[in-house]
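The structure under discussion appears below in the form of structure tokens.
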Amino acid sequence: MPRSPGDERVPPRIRRRTALLGGAAAVGAAGLATGCSRTGAEAAPSIPEGAATGTPADGGVLRIARPPASQAETLDPADSLSAYEYLGALYNRLVRMDDDGETVPDLAAEWESDDEGTIWTFRLREGVDFHDGTRFTSADAAYTLRRLLDPDLASPQATVLTPLLSSEGVHTPEPGVLQVELDTPNFEFPALLTNYHCYVVPDGSGDSIGESGIGTGPFRLEEFSPGGRGRVVAHDDHWEGRPVLDAIEMFAMTDIQARTNALLAGQVDLLSQTNLDFATARVVAASDRATIARSVNAQWYVLPMLTTAEPFTDVRVRRAMKAAYDPVHLLDVALQGTGVLGEDNPVPPDTPYWAEHTIERDPDRARALLSEAGRDGLQVDLYTSTYDPVFTPMALAFRDSVADAGIDVRVRNASADSYYTQIWMQRPLMATYWYTGRPADQLLNQVFRSGSSYNETAWSAPDFDDLLDAARSTADEDRRRRLYQDAQRLVAEEGGAMTPMFADRLVGLSREVLNYHESGFEFDYLNIGLRP
Amino acid sequence: MSESNRNSPSTPNRATAHPAGRSMRALLRSRTACVGLGLVLLHLAVAALAPLLTSASPTANVPDDALLGPGSDHWLGTDALGRDVLTRVLYGGQYALAVSFAATACAVALGTVLGCATALKGGRTDGALMRVLDAVLAIPPILALLVVVTVLGAGPLVIVLAVTLVYTPQVVRVVRAAALGVAPLDYVTAARARGERTLPILLREVLPNIVHVVAVEFAMRASWVVLLISSLSFLGFGADPPTPDWGLMISENRTAMVVLPWATLAPIIALATLVVGLNLSADGLSRLWNVDRSEEAS
Amino acid sequence: MLLYTCRRLVSAVLTVFLSAVLVFAAVQLLPGDVATQVLGQDATPEAVAALRDQMDLNRPAAVRFLDWIAGAVRGDFGISPVSGEPVADLLWPHLRNTMLIAVSTVAVAVTSSVVLGVVAGLYRDRWPDTLISALTLIGMSIPEFVMATLLVLLLSITVPVLPAVVLDEATAPVADLLPAVVLPTIALSVVMTAYIVRMTRTSVIDVMASEFVTTARLKGLSTPRVVVRHALPSALLPTLNVIAMNVAWLVGGVAVVENVFNYPGIGQLMLESVHNRDLPVLQAIAVISALVYVLCNLAADLGAMALNPRLRTGGGSRR
Amino acid sequence: MNTESTDPLVRVENLSVAYTSEGTDVPVVRGVSFEVAAGRTLAVVGESGSGKSTVAATLLAHLRHGSRITSGRVELAGEDLFGLDRAGVRRLRAHDVALVGQNAGHSLTPSMRVGAQIEESLLPQRLSRRERRARVLSLAGKVGLPEPERLLRRHPHQLSGGQQQRVAIAMALAARPRLLVLDEPTTSMDVVTQARILDLVADLSRELGLTSILVSHDLGVVSRMADEALVMREGAVVEQGRAQQVLTAPEHPYTRLLLASVPRLEDRGLAEVDQDGTRTVRPRTPVPADTPDAVSLQDVTVDHGSTRAVDGVTLRLRRGEVLALVGESGSGKSTLAWSLAGLHASSGGHMLLHGPTEGDLAATARRRPLDVRRRVQLVFQNADTSLNPRRIVREAVRRPLRFFGGRSRREADRDARTLLSDVALDPDLSGRLPGQLSGGQRQRVGIARALAGDPQVVVADEVTTALDVSVQASVLALLERLREERDLAFVFISHDLAVVRGIADRVAVLRHGRVVEEGPVEAVFSGPNHPYTRSLIDAVLDPSDTYAPGPAPSHRPPEPPPDTGDDPTWHDLGGGHRIRRWEETGAEASPDT
């Protein structure tokens, strides 16, 4: 099973007004996948495992439907409201992440650190030009990095990078070399630069980059309107070679149902950032115009308990909740098997640093824990939304399965558009997800470290923080891995996040599309094409 | 001059019947009203008796039974969570009927009181109230509803409150017009000449004579409220899952309509027949009682 | 007549003003500070204070209202704190797009419903009436979101002749939006036609039973002449109101249909703004909708004046 | 078409019409037969529900929705009207038969200019536009529309009732019909206008040699207009013959009853009518001059907004006396009555209640003390709307009993039954709803309700206007009896001088809110009079009068009263009879503009 590594995802875009109410709904993905052959009156069409490959036609225009980040979205990669789909087409980073979660070269050809893990030297690729014809140098890379650290810009990635370095530590010894001097040793530093906020922009372009979109990527910007449509065209002089397509058109659509209809009606070719529920996926797969491609383990689902809110301030209640629910039931109902168990550990299975760990379901223990905490017959509201079609089935299945432990869950539906402003990190218990594809270090630091901006459970455990610090500064790979694994176990046992499962993303795309490949935050814009 | 014998007092069957019996019989003679009220009663009965009609649970998720077509175990198949569609449709009326009827009742009751009072009071109070109500009417109902529901959360009580808020002005208009039609009639004048107070005049003389308008208004308004609430559910502001509610079911299953038609069609049909029933009731009753419905524009 | 028109105009302005007051007051009552809403949970107190200052939240409500209304009159509805753009820039394109649907829907619905209503009224209780009445009943009973969904399924997905959703943004040229207008127009027309047909039918039946129509018939006039010259002007009077109400409803209430079609109209903007608590936009939408509502009613009244000479001459009944 | 003069133009044979109601046939017309010769006028007479309008409509091949012919045929010049196809029916209506309806205000299309409506009737004649215009103008002149050029461009609501009816007549004549059907053409008009319209129709019929069928409930109108008469009752013909014959020597008891019930100007008291149609006039015993006042009015004014409806009226009403207020609509008589009953506040002058209970009547009902309030009671004109349709008769009477008398429910029920029998209603009807009663019965309930307050003064506002003549006679008799039994004073408002003649002791004639003449009934009806009073008296049609075919009787010129006294406002003729001085202008007596 391929794994999906990656970098970060949704919460950075909290302010987006995405999606759809109206839309899709509860329903789970279902069974067709392995092991689930239904003998119901209606045999479901099977869902293909991957996208079609082959030799595409030269050129062509691909139409992508995407959820807008906001009506005020921008092409500035560092901004919290950046228009995600454009970034990969327009820009490059110094480094990117491959399918196995390893950091690999992009604009940086190679890199190394000193023994302490404090001074990192990146040797940059030569002969790379920006779309406006200017040559890419280390000045651009340094400018990009310093911008990310600029407190006025308030880039989400700043919260990850600021503890490590300051702009004084960024040096450009020569045009082809970038040197970064960290404040604290970190052997995972390059992995942090795979984040999609770290795309390289031209030196001094800060004021205009949000509209100009000038980068080194395979496509250059022709047209962009925030929250509306846009178009990028092939950049003939791209350093990796000209992309297959002539152009990509992007259409912003908040409603997941609208996106699906557009695909089914042949108005668009690909649905970006859209996980289709299983029933819809079946409809799409059955259509003669469109089909489904899976992005395996592309997101992990989580029910974060806010550890600063009653009743989850008590670790016994958190443990009781974790012991009470049946992840297998959740996986069956919500995903119909198109995923794997999470065991309350957000690091994807089989990725570097993954800790194997299991949690036993035990309703009786849950009852005992609750009674110990004085919370017999616990009643909680669980917020969900149509933001993602899996939330509600997951919440309903959760509600079913904790009933055995005497826990009464009331599922409350909240509006999708304001879900991440009104509910997330505000309500004691809700349903959410993250895209996989972020390095373990970034994940654990960003989502679980005390005081981190995306710490959705508001968990604060000094021993956990210490483990992370120790891991970062440990040069020895094995030792580092063990430290990270210890940290994961701590999350699973004491943290506030219930992570029932990793899910495949069911991506809707036209049958005309060839060579679609996406993993984590890496989308292959270069090779995607249309059937000849 | 009236030539017909229709109102002639000598027609014997009219003269002897008890008033209540008479209106009952008239009702039975109006096919429209009968069919309409019959449909509404059927829905009420099904909603009330749902637990007896089906043994399945409307909320239990059975992943192994997901997305089945119609069959002997599940007459209308199952939805994506393996819930029996027929069971959910049968239970589905409970929420729609309870919330819609409660909301309509509140709006109509409040509107009737205000409408009668303002019609009898007349003068400046009436003018001012109507002006304010006009201003309220000018604000799109869906906007007001959405704002109230977003701010207060989407509970059934909130929806009742919001619908009352939105529809009361319209009821006031209709009832006021009806009351204004009654107010200058001589029997009201007679009561005023006796020096009776406003409340007894309202209760004894005016209300009994616009009760039919109120009844028609109720039926009509209820049909709108049912649709409105289903729209709210559709937009995600209605019932919380897993409540079996028609609007929610339509919204949940509509994407899969191609492969799973009944999960969407069944709640649509249930919703439509209820609305048809309410509309037919309103039609039949208004024709039976000669209610002028031109004020109903809103 | 002029006097009457002026009086109606003044009262229309007053109604809109009152609506504005109500909307503004209601918004003030909303729980939660706008500044906190906008900046989110982690905002520093200084940032909140700065934004409050920028948004003028520290001044008394009455002063802010007057400022706002003064701006609104000039078409300036302030700045949307969510998108940072002037509200007017968001509002006008969306309003224009909704008007596209509204105008075509009105055109389709009014023509078809008046024709159908007259036919039903003339053939009262015979098969054309039964058929039309049954169809309108169905039209009224199916929620418009269902109608819209079915239309998409039918005319966009199964037989792909029309776009299922709108890919363009609000500011797209009208020509680009036109194909996308068709399905929403059909979905809305069905519902609207149903309501107008019923009203037209009832009023045609009433008028056809009136003494003056009987008199016209007894003069030996042809049926078309009786219907068109004698009956219709009076029969359309009550219909005007329904039409006005429906137009107003179109502007305020198409949210659901626009949602299904991803149509960048005022309803869509409204839904977005509700979710984002973009209050300045909501206020502007409310006031604009109120204005449209009042204008529609005004138009209906003026139309009634055209159809009913009694209103035209000040209503002096000398009988 | 056969136009041989010996054949009757119209022949109706054994015509029966029924309508279907809730599955059963209800007959409306039963076996009616008659003929009308060309150039003659036939009157169809009957009370409400007699089927007379239905018969008239069949002559235009018209039946009401839901009605059908169950037997018989209707012929015009030998052609069966109900055998015609659509085009034939249109031809018939466009060329041969025209209708003038009861209420021109309702029968003219409100959205069309009246000129256009007349012109429409000319369309079948295929004239040029100019010819049509000319014809319309000449027609307008013929029916006596003043300033036709201007009036024809108006809409119906801008015309007075009389003008509207003239337009309707012009419209009917435009088709140059052979038969004119007049369905209650003057019923909704005041007497003076009625007289003028009737004159016009009579003149035109003669001039154009029209054949007419006149439907009316008013025997006076019939005697004025018809050559022949046909009396209908409950759908069947009870008597027919030459009009004069039918009206002076009726054979059928129903016709006799009908005729006897018509109040006449020459009656010197109230006529009592037996079931067989014999009438006895009981002469009025004058109220003694020293009887104390029940109500006195001094310079009373009442305003409706900015218009003055009642302008300085001074009147007195003695105990046991009936004071009639007479005038056309808009004269202020009803306003004055409503002020007395406490429904309008007066804006000036004094209004006092005398007698056992005394009080100021200037205040509205709610401000009057309960005991004053109950002493002045109102009976309404329209029995249909004066009773709450959702309350049974007993409740209608019981409510004031309990409200005023504070009786217990049981006492009130008992007293209500007594009251109902006092107004000659079967107490068994007390459980009925008003909709289940006849018009006369309803009016009696209204009277009983007024009596429940134990009043000293009853204000009766046009209480018999909406009733058929036979019922009117019995209600008038009831009022007279109650007056005697209870020593009641009545303010009796009416526009019908013949009724007033029978019931009133004194008469006050109102015009534009002022009293123009006041006096004992004998004195007023014998004259001399104010010209306005005179025109009202002259317009009364009496069924026993025979009108010579020819010009209408010329109105007697007002006799100048002998100048008495030097009051600048009034001629005082003695005996309480006084007449307001007037300017000698023609405008005084011409309401029909």
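So that you can tell them apart, the chains are marked A, B, C and D in the order they are listed, and the count of residues begins at 1 in each.
Just so we're on the same page, a residue touches a chain if its C-beta (ideal position, glycine included) is under 8 Å from a C-beta of that chain, and two chains touch if they have at least 3 such contacts.
Small disclaimer: the values here were computed from a predicted structure and weren't measured.
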Neighbouring chains shared between subunit A and subunit B, ordered by label: C
Length of the line joining the C-alpha centres of subunit B and subunit D, rounded to whole Å: 46
Between subunit A and subunit D, centroid-to-centroid distance (C-alpha), Å: 90
Geometric centre distance via CA averages, subunit C-subunit B, whole Å: 23
Subunit A residues counted as touching two or more neighbouring chains: 21-22, 257, 287, 415-416, 418
Subunit B residues counted as touching two or more neighbouring chains: 150, 234-235, 254, 257-258
Set of subunit C residues in contact with two or more other chains: 145, 157, 256, 259, 271, 274-275, 277
Touch relationships between chains, expressed as pairs: A-B, A-C, B-C, B-D, C-D
Residues on subunit B engaged by subunit D in the complex (per definition of touch): 1-10, 14-15, 19, 29, 185-187, 189-196, 204-205, 208-209, 211
Sites on subunit C touched by subunit B in the complex: 14-16, 18-19, 21-23, 26, 30-31, 137-138, 140-146, 149, 153, 157, 199, 202-203, 238, 241-242, 244-245, 248-249, 251-253, 255-256, 259, 267, 270-271, 274-275, 277, 282, 285-286, 289-290, 293-294
In the complex, subunit D residues that touch subunit C: 60, 62, 65, 89-95, 98-99, 101, 103, 105-112, 120-121, 123-124, 155, 157-161, 164, 168, 171, 175
Residues of subunit D touching subunit B in the complex: 19, 21-22, 26, 28, 48-54, 64, 102, 184, 187, 217, 341-343, 365-366, 368, 370, 373, 377-378, 380-382, 385-392, 396, 399-400, 403-404, 432-433, 435-438, 441, 449, 453
List of subunit B residues in touch with subunit A within their complex: 59-61, 63-71, 77-82, 150, 153-154, 234-237, 239-242, 248, 251-260
